[in-house]
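Encoded as structure tokens, here's the structure I'll be asking about.
For reference, chains read A, B and C in written order, and residue numbers begin at 1 within each chain.
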Amino acid sequence: MERMERMVLVCILFSDCKKTFFCLFAESIFSFRICFTGAVEMSRKSPFASWLCAMLHCFGSYILADLLLGEPPIDYFSNNSSVILATAVWYLIFFCPMNLFYKCVSFLPLKLIFVAMKEVVRVRKIAAGVHHAHHRYHHGWFIMMATGWVKGSGVALMSNFEQLLRGVWKPETNEILHMSFPTKASLYGTILFTLQQTHWLPISEANLIFFFTMFMIVCKVFMTATHSHASPFAPVESFICPVFFGSVSSGHSSHHHNQHGASHEVSHPPPPPAKSKEELNEGTRKRKAKKAE
Amino acid sequence: MERMERMVLVCILFSDCKKTFFCLFAESIFSFRICFTGAVEMSRKSPFASWLCAMLHCFGSYILADLLLGEPPIDYFSNNSSVILATAVWYLIFFCPMNLFYKCVSFLPLKLIFVAMKEVVRVRKIAAGVHHAHHRYHHGWFIMMATGWVKGSGVALMSNFEQLLRGVWKPETNEILHMSFPTKASLYGTILFTLQQTHWLPISEANLIFFFTMFMIVCKVFMTATHSHASPFAPVESFICPVFFGSVSSGHSSHHHNQHGASHEVSHPPPPPAKSKEELNEGTRKRKAKKAE
Amino acid sequence: MERMERMVLVCILFSDCKKTFFCLFAESIFSFRICFTGAVEMSRKSPFASWLCAMLHCFGSYILADLLLGEPPIDYFSNNSSVILATAVWYLIFFCPMNLFYKCVSFLPLKLIFVAMKEVVRVRKIAAGVHHAHHRYHHGWFIMMATGWVKGSGVALMSNFEQLLRGVWKPETNEILHMSFPTKASLYGTILFTLQQTHWLPISEANLIFFFTMFMIVCKVFMTATHSHASPFAPVESFICPVFFGSVSSGHSSHHHNQHGASHEVSHPPPPPAKSKEELNEGTRKRKAKKAE
């Protein structure tokens, strides 16, 4: 077991040095750059907005956690060195001559190292978030979970508003309706850390950090290397969900639709956005027809 | 008068027991379920988002009040028992076998009791909100009103964002442009409670709570039983508004439109959404035409 | 130099009296009224929403600064006199018989005085914001800049949500993507004040306030008098931006588009909204096509 503890320590110390933060920022801004194809035009047209988006991608988790716990959302920006470091990375990735830096960080082997480090930092953020919330609300399990989750998921949870900042608006979907793997993993992880924190899980925090970090690194590196988006939780969920939450294709809904004609609004199950668009148009047509009468 | 005080006490004690909270949650989530016909599909497709929406419907008023007063918005979630109770109600309403629980709570006589209790709790929330704000800002009348109002209206005031969470986006209307009866009643009620709190209204708080609760219960139960949406304030407003705020169909606007050709944007008086849609299209067409030139 | 100090004092004392606040409110609400042509209909149809918008226009800067620093966002509303004054101005501008008050404030010479006063107040707000942030975060340069900036820009930075309150939604643009002159000037001004506050700029605060106020007044009065929207920073930016941020029309973007086919979303460079609209439609068509297959 000592060996493991030592590995955990290595893990933690290693991820403590600024170098990791540097990599974390590189990874964040790098993913922010490839995550939407307009990033480069935007960085040329309005560098300030691009910089603000990059900062959200780097520090979104701190901002959200501070918001939840009623602390100043820009509290973390008092770490000038981190902000300057992130700014430097942002500048190098977008404006490096001959685009060298970007080509480096998008070189697969290097990218896999970044991804692994990002997961190391993510798990430590979750643990720190649960710790912090536990310090303020000793028995607030839900608050611990919420804090750990936003610390782990970061900007993904406010993707709608991060898009709005860039002039893009996609209301028909969001991270909570369709969770990506990191968000879902953070949610399950924060539940584990909360159970550990409240002594329901008989395991030392260091070991939990170690095991969860390993799990995240393996999954994330594998998914990045194989460009696959298959969630490792899918089989488990497909087995459990039907038991607890019934099957998706249930005749209930329409049944109740008829039952409650006095429904205040028509909702649109987001998954098929095209469909929802059509329904919206129908709604508009109906309204127009009503007006015409 | 003693009889009245006693009735008030009964009222309050009655609404203090967990049973009422249970009913309140049932009512909240129940209304959340019928308020949009996609609720059941959503609960099957993404139970977590459905649960989050239900929590917003139950605790929205606390979240908003905490936001206004700069306290942690998830403060109320430290009451684990309430959250677990609300979660149980949510589960029963959406996933109860044979949909039994839902059929029970939507049984009219029972529903009327829920509605009545919800108003009891609403009025007590308004009073508590005004109290809390008065404790922090002794002469902040506007802050008292704002706090009492959001405590009374709850999730309705953030309906746009609650819809966004479900992937629905209806920007052309919101609760403040078109107030529903509970929101409007909360607004008038919080004004009364603020006047009482600042000793401009010569009446004991208990009596004010009692009378306002009776008024709300009578109105809400009547409206629910008759499925009517006619606001009891309409006649008064139709008499007062023209005196203070002029008539709706005033030729001013167009006049000023011409006067200020350099208007930065074209706004769309929301009430006829179809019209506003058409205007938007016009706007787009104009922009395209300008681009084509 | 004494003369200058005295002028600064005059400047400050002058802008301290309620009269200036009155003018500031007049200017704010007046600009709010002409800023969109539906303001008058809205004030008739839903006076409360109109009042709320007017309050946002008057106190938006305080609300945003309080949000950033984790203080109650409605803190400023405890100044009853200011709120009542703003309400009076709002009422006079929208509901004054024969529209007299509005005609007065929109009389050009008077309007220029208001504009000048507004800039006086804006600069003092920026200085106060930087001061306040410096008091809480002694070395938080970025926090000082952020606070001063939101204090100077005010409601412009939350224009999207201010529009949402009126039932208008324009996601394809926002103040950060396309900065207006006051927002940009506030940003540069707050940088100067931060440098002065951290003793990197060898000039007394009073002088900085004086010079920056003069600059703002001259620019704003000139722009208002000539109805021009040309930014005085344009020449400098057109010289500096290409050096630091490359040219706008860079072939990079498309290049990387091809390189990263696995781009999660299609972004729309906002400047030509029509184009972005078309791209959106394309996206929808693609999705529908995919569904049809």
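The working rule: a contact is a pair of C-beta atoms (placed from the backbone, for glycine too) under 8 Å apart; a residue touches a chain by one contact, two chains touch by 3 or more.
No experiment lies behind these values; they were computed from the predicted model shown.
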{"item": "Graph class of chain-chain contacts, one of line, ring, star, complete, other", "value": "complete"}
{"item": "Interface numbering overlap (same over half, different under half) for chain A and chain C", "value": "different"}
{"item": "Mean-CA-position distance for chain C and chain A (Å)", "value": "31"}
{"item": "In chain B, residues with contacts to at least two other chains", "value": "70, 169"}
{"item": "Touching residues on chain C, where the partner in the complex is chain A", "value": "67-70, 137, 139-143, 146, 160, 169, 171-174, 176-179, 187, 241, 244-248, 250, 252-253, 256-257, 260, 262-271, 276, 284, 287-288, 291"}
{"item": "Of all residues in chain A, those that touch chain C in their complex", "value": "33-49, 52, 66, 70-75, 77-78, 80, 83, 94-95, 99, 163-170, 227, 272-275, 277"}
